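Residue numbering begins at 1 within each chain, and the chains themselves are lettered A, B, C and D in the order written.
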Amino acid sequence: MTVVLTQNAYGKSSVRLTKVSRYPDRHELVQWTLDIQLEGEFADAYLAGKNGNVVATDTMKNIVYALARQNELTSPESFGLTVGRHFLDHYPQISSCQVVIDAEPFQRIVVDGSPHPHAFTGGGSGRRTGAVTMTRSGQSVAAGIVGLSLLKTTDSAFRGFQRDGFTTLPETDDRILATLFDSTWKYKTPDGDWENLHAQIRQKLLETFAEHKSLSVQQTLYAMGAAVLESCQAVEEISLTMPNRHNLLVNLQPFGMDNPNCIFMPTSEPFGLITGTLRRA
Amino acid sequence: MTVVLTQNAYGKSSVRLTKVSRYPDRHELVQWTLDIQLEGEFADAYLAGKNGNVVATDTMKNIVYALARQNELTSPESFGLTVGRHFLDHYPQISSCQVVIDAEPFQRIVVDGSPHPHAFTGGGSGRRTGAVTMTRSGQSVAAGIVGLSLLKTTDSAFRGFQRDGFTTLPETDDRILATLFDSTWKYKTPDGDWENLHAQIRQKLLETFAEHKSLSVQQTLYAMGAAVLESCQAVEEISLTMPNRHNLLVNLQPFGMDNPNCIFMPTSEPFGLITGTLRRA
Amino acid sequence: MTVVLTQNAYGKSSVRLTKVSRYPDRHELVQWTLDIQLEGEFADAYLAGKNGNVVATDTMKNIVYALARQNELTSPESFGLTVGRHFLDHYPQISSCQVVIDAEPFQRIVVDGSPHPHAFTGGGSGRRTGAVTMTRSGQSVAAGIVGLSLLKTTDSAFRGFQRDGFTTLPETDDRILATLFDSTWKYKTPDGDWENLHAQIRQKLLETFAEHKSLSVQQTLYAMGAAVLESCQAVEEISLTMPNRHNLLVNLQPFGMDNPNCIFMPTSEPFGLITGTLRRA
Amino acid sequence: MTVVLTQNAYGKSSVRLTKVSRYPDRHELVQWTLDIQLEGEFADAYLAGKNGNVVATDTMKNIVYALARQNELTSPESFGLTVGRHFLDHYPQISSCQVVIDAEPFQRIVVDGSPHPHAFTGGGSGRRTGAVTMTRSGQSVAAGIVGLSLLKTTDSAFRGFQRDGFTTLPETDDRILATLFDSTWKYKTPDGDWENLHAQIRQKLLETFAEHKSLSVQQTLYAMGAAVLESCQAVEEISLTMPNRHNLLVNLQPFGMDNPNCIFMPTSEPFGLITGTLRRA
């Protein structure tokens, strides 16, 4: 019998980076987590323990910190391109480099009505991601949102689905729609005003979610993706993932009370999981 | 040998509640998680399996939903008092009822510059908590903040600490101070304008963190607690917990680069953990 | 502009199931979590909110419980086939059904040297998974291990890797090799003695990890995969993921002590991440 | 107004330690996580930023590694005493030192029927903890188990609890009892055969859980604690925490099926939470 290695990749994950840029009037803060994966001529390491082509993952980490020192960190997308370019330029054995960057959101603390020059709160609604894949023949830039909690208290129905002997769910004209939204989208070109693009797309997703008269999570997902493609020429394709975080109407009849779509039990499991990918024709 | 039961308590945890209040111009949304613990005449259940005094934890859950239907949910503190009062009034075997409420933060989505009437994002910086303990002789109301990520890029020093043969940490005049802040405070009286009080205290904590010229995490913690006590007469006591989430300056010398307090590696472990409780004399 | 939906799928995730089978001499216990995803003629739901073809995810959950009542749960793989078959047989609009099952490991408590007939401890080293994908033209069965913590204290070297201006990692002949191992493998045929196959493969993976003289994580990963393919004819392909959970040798020189490969600081981030897929030629 | 600091403490948390002891025939492995908290004359750091008495938490980490090098790590309890003793002996400003150690369980991989000399799997059922508190006037040693998943499929009833207008839970003679068990116990004296004691107590807890005919979680909790006190003279006091992880009987009647205590839906929230502390009279 012969065994063949049909896929291999390796890299460094969870490289955490804080960069402070100190200007006279304010400090700028970036806190990112990077995952790097390389493909290329690495089979000898797997098959024979010959590490000559292997760039140590510790070296990858060093490169991230050095490049962060040398470059302005204007966006995850542009720094991802910088990191990917470094790997392809310096190591001929690499055929493909993927860099995914997850940005911790920070907002300036407001003191006496003004944003503070150097104090921040973290957290927020969803994290921004950027992802770059570079090969010898090209490069692609993607961006996304991870873990954006969304909830609307009305304008969500679910009717007309298939009923059979295993169906107990009642139809509803008015339910809570809650999700922990993830999305990634691919840009057409490897350059762009990444900050503004991300802000526009995020706002478009939020607005569409808010305004949509939903007949199903599927329909809302599609509406959100289509709105992005229609409003933002820079986007080529968008994938969206919407878990349906059910809020169950509580039965208060045993206690002699009605429940006019008022009291719910949010649940974390099980949950529906709806996905879709949209692109231009 | 005789075994004695020196402490016992039981209750229902992670009771999750969503309430939607539907007004003509907007919906109000509450999503809370409640933990209830009871003490009282329950020893027979432990010692003999006699459950006559036991209020089933499932019943506790039902009571939460029923009371949420019957009452306006104006604040975790006031609903905690309502829940605690119900238990003491209906079950003579209960001597003490503790209710802790953790509120998921939701903000209205902004569409065309206006807050949307029924669509929200979750998440945010830190969660609000309310905690009520009621006994036959009185009641106490506490509130708090859990998991508030704070970071300042300067105005934080750490010098003059004890040095001995196990000390390798250099002194610094300028480091990043980052924490995941928790605090709880006790109010003097069981009534108050809980919403405004919490907002004021949160803002005072944020401002003090931002403005403080820190000589140690300990000093900043004290300054934050003292600022609350000095500015808010309703608070009797405040406890604060500040993990020191270290951002390590990266050594770039091997790569021929300086690092003028610019590139850091944030770490999640180990971390310093600083606590303190302050009250009026 | 025209928008097209190029991919869509939906289903129910985290369907949790406990089944107790009561025999005269003992109880058998299964506790599984299922994720179901369907593909097929569902575009109308996305594009037009027409739900006529949509099997509600709540119905999927009901089907799981009903099928669990009607069938012996001999293995995740066989139950996955049962669930997938049900969906394809009952709903012509479905073209593909994927069922992934994650099994909570339970061991019988040992009392007086004997396994107890109905009391168990959970937890354990890694969880077993089964995954089935069924289409109108065929079916594939996969299985796997998730989250298996492995550590060897010697027989792991890392030498001869590429050195350049960003390389600071020293070569080593003897390091700790620690990982949180994940693997999935595809079986050749849709029937098999799934319980015994999984046990054999797990043991082969463990033995190979233990015995391998590792020149790199890559090499150990390949050795483990190859050992499975070589010893188990039923396996067609295996994918392995090995994060390198670094244990850093602590520098004790400042305290006047040596550290002969004895005291380490385990770290959770950053970590190396090594992947590979092997199959028969 | 005068503000007073009524409590303060600080320390280092999540200090992670791996120690390998290399013997001719085998390697011994320890992987522990330590939390250290100090109390003493530290108010000046809080009130005035005067750090002269402050032992840097980084120094605490160094001390852990140095002491781990110098001492055999026979048990969490004995190393906790060593660490605590070091702090009290070297720093007169410290009045109290608490050391909590959480041990990652490792088992030797079995190859050809024999335990391997240097390869291990992690994970397992529950983690062992040791906790030491040392002051100028004495010391106390505690130990415990964290996160032990326990489940019995029968011999658990819940009847005769209080019924009122908010009670909907039916009585049951036969339910699943599942918990994620935590316990800590205090030893009478600061020396003991900690390894054997822990193993005995763990086994006694498991056996009692398995054998008990439970009339309530409260009763089982008490039985488990009492069994430890009755069988192990070294234990002075034991606290136990048992969340009631409900497995809900699934209603299969809509599908024309019965469910004779066979198919359940395990839930993670809400959960009952039962606690108790027992000691010798």
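Operating definition for what follows: a residue touches a chain if its C-beta (ideal position, glycine included) is under 8 Å from a C-beta of that chain, and two chains touch if they have at least 3 such contacts.
The model shown is predicted, which means the values in this text are computed figures rather than measured ones.
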Greatest separation from chain C - chain, by CA centre: B
More contacts between chains, C-D or A-C: A-C
Separation of mean Cα positions, chain C and chain A [Å, integer]: 24
Rounded Å distance, chain C centre to chain D centre (Cα mean): 29
Junction residues of chain A, two or more chains touched: 16, 62, 66, 166, 168, 254-255, 267-269
Residue numbers on chain C that touch chain D, as the complex places them: 16-22, 27, 29, 31, 62, 65-66, 68-70, 106-107, 109-112, 116, 118-126, 147-155, 176, 206-207, 209-211, 247, 250, 252, 254-255, 257, 259, 261-267
Interfacial residue positions of chain B with respect to chain C in the complex: 165-166, 168, 254-256, 267-269
Residues on chain A engaged by chain C in the complex (per definition of touch): 1-16, 35, 37, 42, 45-59, 61-63, 66, 90-91, 158-162, 164, 166-169, 214-219, 221-222, 225-226, 229-230, 237, 239, 243-244, 268-281
